[in-house]
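Look for subunit A in each of the two complexes below; its partner is subunit B in the first and subunit C in the second.
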Partner chain A sequence: MSARTPQLHYDAVVIGAGTAGLTAAVRLAEGGARVCVLAKGVGSTHLAPGTIDVLGYAPERVEEPGAALPGFIAEHPDHPYALIGADAIGPALQWFAERVEQGPLPGYRYVGGLDRNQLLPTAVGVVRPSALVPETMAGGDERVREAVCVVGMRPLRDFHASLCAANLSHNGSSARAVEAAVEVDRADVNSVGLARRFDDPAWRAAFAAKLAPVVHAEERVALPAVLGLRDPRGAWEDLQQRLGRGVFEIPTLPPSVPGMRMFEILKAALRAAGGRLVLGAEVIGADRAGGRIEAVRAHASGHDVHYHARWFVLATGGFASGAISIASDWTAHENALGLPLRGFPAPGQPRFVADYFAEQPMGRTGVAVDGSLRAEGAENVFVAGASLPGSLPWKEGSGDGIALASGHRVAQAVLDAEATSNLRTPA
Partner chain B sequence: MSTPIDELLRGSLDHCVKCTICETACPVSNATPLFPGPKYAGPQAERYRVADEPSVEWSVDYCSGCGICTQVCPQGVKIAEINAQARHKLKRDKGVPLRDRIITRPTWLGRLGTPAAPIANWSLTFKPARVLGEKVLKVHRDAAAPKFAGRRFSKWARSRTSPVTGRKVVYFHNCGTEYYEPWEGEKVVAILEHNGFEVVVPKQDCCGLPLQSSGLFDDARKVVLRLAKALAPHVRDDDTIIVGNATSCTLMLKREAREILGLEDDPDLKLVSERTYDICEFLLELHDRGELKTDFQPVEETVAYHAPCQQQGHWIGKPALELLALVPGLKVAEMDARCCGIAGTYGLKAEKYDVAMAVGANLFEQIGASGAESVACDSETCRWQITHATQRPSVHPIDYLHRAYGLDGAA
Partner chain C sequence: MATLSTDVLVIGGGATGAGVAWDSALRGFDVILVDRLDLAEGTSGRFHGLLHSGGRYAVKDPKAAVECIEENRILRSVAADCIEDTGGFFVTTPWDDPAYADRFAEGCKATGVDCEEIDVAQALREEPRLNPDVSRVFRVPDANIDIWKTVWSMARGAQSRGARILPYHAAVAIHRDGDDVTGAHVRDDRTGQELDIEARVTVNAAGAWAGQIADMAGIEGVRVLPGRGIMIAMNHRLVNTVVNRCQMPTDGDIIVPIRTVSVIGTTDEHTDDPDDHTVIESEVDAMLDDGEKLVPGFRHQRALRVWTGVRPLFEDAKADNTETRDVTRAHALLDHAQRDGVKRFVTITGGKVTTFRLMAEETVDAVCKQLGEPRPCTTRTEPLPGSEERRHYRIGDRLEAKEERLTDDQLICECELIRRSTLEETMRRRASTNLDDIRRQVRLGMGPCQGGFCIYRATGILHGLDGLSAEEANGALLGFLQERWKGVWPVLYGDQLRQARLDDWIFQGVLGVEHLR
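So, the complex of A and B:
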């Protein structure tokens, strides 16, 4: 034995366990690759609302994302969607919807697609255009003209029914708020604590009984997205039945219960396909050989571990996740593999503009890639999700769509390359 | 005491963006209102904790120290470690119950209990004795209590010579193996020898984890440094590594003692930390190199596998799953509930027993639904808790390798 750090070998190593990383990993594993996902921690799923927003604003509100994409791509040739290709986005959504239906949550499914954006209310009661959404949210579309009763739950501080209802009314919907006092045996009540209560049929029945008398005859019921983690479809249908009307979920501030469902679905798909997930393993460097990366070094307790692979997918995110950071000398760095960046303002150029909501000069920074999402200077590394340069997800309403479609796309690129090369040797 | 590592841990709270991911994963705050959650008790409350001033809130005593919050944090905040230090400060302010000074000393208990095993074991199943134990010592009357084996692993190890092969590993057996499950150690030795290793078993003692997790840091430091001093001389060359089957104790040596107890600079502990491997981690790496023997006979059985929290704290995934997959015929159902609740000595404590059982409820339910006859799990205290709650036998994953190698008759 030598005192070297441990070395493990896989066909593909995916770095990051958010939507992009998990999508790539599941698809690779389903395609027959031995896959290992390395992640510093749990990622974007638990913070995002669990909807797949493909293109919401360009810059006016987009009604039909499928129809708008070719024009959007023509105007933004460096945008991730331009590299992924408009035709590859629909199949990625379809693929995801199938994984949800085959997943561990009975009957839970996503509805919609690229034909038409759903116009769903956010927690503050403004419209969020989203292509593919959990069925439990779909009833919130603003084009449904029925009045809305937004239900707040007293101990939950991450959802303010009166604010939500006031903004919905302001924008032309008929909405009002009620507050339901609920008992949650938990010190610091958040959406997860409530979701665990909604998993319990008896608790749910008592909640519905309390709510029924205060809802008016013609109203739909909007609840914060806390309708359970184990069987949300069952909980949703149960409440609709008990209340005798349409019920829909509105995403809350984090933690995001629908996002956690998404994580569990993708995790279960990864497990079923034989992929491995290592949480807590921050990637802190790469072993290079010329233009290739031979292995990545991941931090573990006691000693680091080298994970070798023929292919790597970098899906660690951008500034928000800490995957890209700016040093005190105003240089920007990709922290896992040290890959070159694109889109960061050159020295002397402005980095910020005064208008907070305007496009910020450093907003499109990401890992430099070629036309097939391959990292510059590392021929066996593909990049997916918020690590990609060229987009403004928060302005475009495109983050989850980019994550899903690019994760799906890079997995296909790896599988294609494996199929056409003779590199593939059985372990 | 403020050492650089303390500052490093405390400084990590500035990376907290309040994303609440730790709150979604915490097994304890999701089971009881007594603990408000890792973010609340950790990065948030820490801002109000000032050295040499009284503790600001006491709920952190209900943190079980499982470490899952740190594992899932995407920003690298050392939440569990901050909370462990807060618990230490709390214990210092509030005083340490006699119980915590006793049940955190597996060596004392083992030395007392081993020669008197029949009586000691009888008293652990004798209700009036347990009721008395609860009243006097605050150890819950129903808590899972392991049985003394009546013999010590180290005595067996000293009685034999491992064949010299030129490939040496050092075996760190823990207190559980020494006093309660010596057969687990015998199986580890058999598997390593079957794979051509000479197994060295140095004289050794507790790693101090129970003391650390109960906030008794000064005692824990003495104990773990003594162990590091005992193990380090065996790995001074460039080649030799230490393997252990008690995943929480190997984690203590790898990381927790250095981070939580502020022992980053001790050279012996540093060396031991870098060289220590969990047994499944080591065997999987051997397999990756094509050096693990795979002369496995079929084991026609369904086993539930639970990766304990402390195993997850190694940040190496679940190597046991990949090893068990090598055994023909063996069907493995991976449990995805996070924690069994016991967290070492946490679930033994009278005031925490119900919390621990509630924490584990999800796992126990999954085990019940899995149809598995037995449960594989890398930590002995978790195995005892699982057996206590599910009435199913629970063994270390390597037991299945041992059986599949056909070593049953040989040990």
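So, the complex of A and C:
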């Protein structure tokens, strides 16, 4: 270790700034730990729809996730939920909902819980069962019998209202599509570009004035999830008033505006609790002492920094984030700390199958952990989120729930251990 | 059941069949072209994209080399818009017999293949990623050819002269009247509708499947050995010049830069089934190792997609082995009146994409002979539609076109720079609900993200444009995803695996497309 390499010291270092990592970090900071989050870049929040899907399919559609979880856990003893514990999931959701309400977006809140999944349309018009969702999306529940007017905007190539409405109709809802005129000066605007425009009250008023005449009195209005980044609740309320109709958002292709709101909320909570977030810092290795990790080495802005801590939380994601990868010799690796994996097919066994929609044999791969989410071979490292083995997040509709509940859970484990060791420390 | 009649019925819509249709139409014949799949979906659409200079055959098969360089020159003129003039190198790597280089230079001279030895330093300036340990470099006029563009240009050119082009129409029976072949019975595999086609002459241009068509006509002994080869498309242009190993042709010795990717090829294994597209992991490994010899670091690039194609190798009566590379690559034209006493039926098979025009010319000459109506061929000079200006495609053309319309035309596929207007025009023209058909027209979803972002967009546009039902639109989306996966999963590693999982996140996590089924 070069004497010139900067050495920083924390109680806990969290690697990864997706839902799992930020949740763990906020909770640790709130619990009094000095916390630093190191992340290569922003994570899952900017890709995911911004809903907290706990258990959507098992494999049939789940109506009541809270009631279904014990049975699901019994059937899947290696699933992250089995390690987290069914009882720990509800409090994690509750914790998150409170952080949203205390957050920087005025009035913005999440609704729902484990009692009943909300059945919200995706951008192709199928139902996605979500436990906890932004209030701005909740009006899309298919059990609301009101007809739906899906509003497309030509410059947003990432949302196709007619396809969405056709599938909603096909599945029994009454839905139709209209195209709203929007004033933008170029052919393409992505969700973020539109969200910035919806933040502008004057632009929004002009949009509503053009849309109002084409919406029927008995319809709900579905818009792509672009209703602002600064004050989405205000924008949503404003549109409902101007249109005189219920309005709801439908998440679509990344970048995810509701996910970015979630990121801002957790980031603000981390700051408020005294935690630090370093983006652009890729963890590329660790200093080990036997079964412990003493420090991680992060590469940022052309130099390396050592971050020392008593505890580390690995929440770097799975294959999609590059946290776990397959090399060209077909071996799999966890890239930040070199931790052992579980669930990856043995050499010579199929990694994938030819049916795209079937379960892929490598799909449940993750970092090997013990029953308390501790990494095998590294006693002061906990693992959270998509880095955990044993789940099929998209097929199960469980990724956000796993991220949130495991992030919440590992923070508690660290806080408990710190409390125990403080008790043991002579005054 | 409908009955159509025509002068020339062409069975097989690869480069050769489309070439026969184009040539026949130019000679004033009425033409119907049928293919069991989309045009150029078989062997023609499953090669590496190389327009040979002839260098590859200069030592081993001088006749093929002569054909290649002559056709190379003709196609550069008549199909200019389908060709990118990359040029090619033959390089002696440390793994190659150094003595071959002189034989290569002599072979090129003898066969008329333009060949110039250049300094290794110069070659490395032009291609900085080339293995710096190469000892000799020869420059030849290799190029790449977009075969889908070529085939469809010919099909549309023929159509504008009255030809009927019928993709997805499989020949289910060949009609015989005594010693005469009188046409075929075909079925539209999309609708189940059947058609009888009466033809004055029927051309069997089914390539690797030509034996099956000949069997239907009751003709024995037309044996086509399918020689299976794999190719892998790597992200980006690792080289901008075609790079060949300077050695006797073998596996994995060519890298062809084409459009936004670089394709390495290929292998050659005998297979009994021309529809066998199995990819074997050891072949992928071998191909990646071979790439490393030409471009160090090759293994660490993103492998986008792997596919296999089958060469139609007509069995030479003298050849008695299963090493298919040793069977002649020359094409075989069978006039069944002479060979079997069956009139009005001609088979063309074997050969290679580079010589498809010549094959078509010889075939239509045989058709004229059968009909007793000699008409001269004009495909040596007549440009394909789109190539009238005789200007080669350049890699920056799409970007230039997009920049001209930055604010009024959407970009639907960022990887391949496909504009909304182009996509809509293509969808209208093809009138197909199969996004894979659209892919072959405009390279939709063929770049690094393999359709992760553009396929939802394209499905939405298709649905809006054609007023498709939800089921049809969903079928287009799901069908594309499944078709794409076939070529993706056997090479999933490194950053491309990450990309694939991001795509899964979009399709399964955000959109929930599996619940459309």
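We take it that the second predicted complex is superposed on the first by the 413 of 427 C-alpha atoms of A that agree within 3 Å, B and C clash if a C-alpha of one lies under 4 Å from a C-alpha of the other, contacts with A are read in each partner's own complex, and residues count from 1 in each chain.
Methods note: a residue touches a chain if its C-beta (ideal position, glycine included) is under 8 Å from a C-beta of that chain, and two chains touch if they have at least 3 such contacts.
On a predicted model such as this, the values are computed, not experimentally measured, just so you know.
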{"item": "Subunit C versus subunit B on the shared subunit A, clash or fit after superposition", "value": "fit"}
{"item": "First, second, both or neither for A:Asp188, with subunit B first and subunit C second", "value": "both"}
{"item": "Contacts of A:Ala273 with subunit B and subunit C, given as first, second, both or neither", "value": "neither"}
{"item": "Which of subunit B and subunit C A:Leu47 touches, first, second, both or neither", "value": "both"}
{"item": "Touched partner set for A:Tyr356, first subunit B, second subunit C, both or neither", "value": "second"}
{"item": "Partner chain in contact with A:Trp394 - subunit B first, subunit C second, else both or neither", "value": "second"}
{"item": "Touching partner for A:Ala88 - first (subunit B), second (subunit C), both, neither", "value": "neither"}
{"item": "Contacts of A:Gly318 with subunit B and subunit C, given as first, second, both or neither", "value": "second"}
{"item": "First (subunit B), second (subunit C), both or neither touched by A:Pro254", "value": "both"}
{"item": "Contacts of A:Leu163 with subunit B and subunit C, given as first, second, both or neither", "value": "second"}
{"item": "Overlay on shared chain A, then closest C-alpha pair between subunit B and subunit C (Å)", "value": "5"}
{"item": "Touching both subunit C and subunit B, counted on subunit A across the two superposed complexes", "value": "47, 185-188, 254, 321-322"}
{"item": "Subunit A - residues contacting subunit C, complex", "value": "47-49, 122-128, 155, 157-160, 162-163, 166-167, 169-170, 185-188, 251-254, 256, 318-322, 325-328, 330, 351-357, 393-395, 399"}
{"item": "List of subunit C residues in touch with subunit A within their complex", "value": "281, 288, 299-300, 405-412, 420, 453, 456-457, 459-461, 463-464, 469-471, 473-474, 477-478, 481-482, 484-486, 489-490, 492-495, 497-498, 501-502, 504-506, 508-517"}
{"item": "Touching residues (chain side subunit A, partner subunit B) in the complex", "value": "1-3, 6-9, 36, 39-43, 46-47, 185-188, 190, 192-193, 196, 254-255, 260, 267, 271, 276-282, 298-303, 305, 321-322"}
{"item": "List of subunit B residues in touch with subunit A within their complex", "value": "15, 19-21, 23-25, 29-30, 32-37, 40, 59, 70-76, 167-169, 235, 238-241, 251, 253-255, 273-277, 281, 284-285, 288-289, 312-318, 322, 334, 336"}
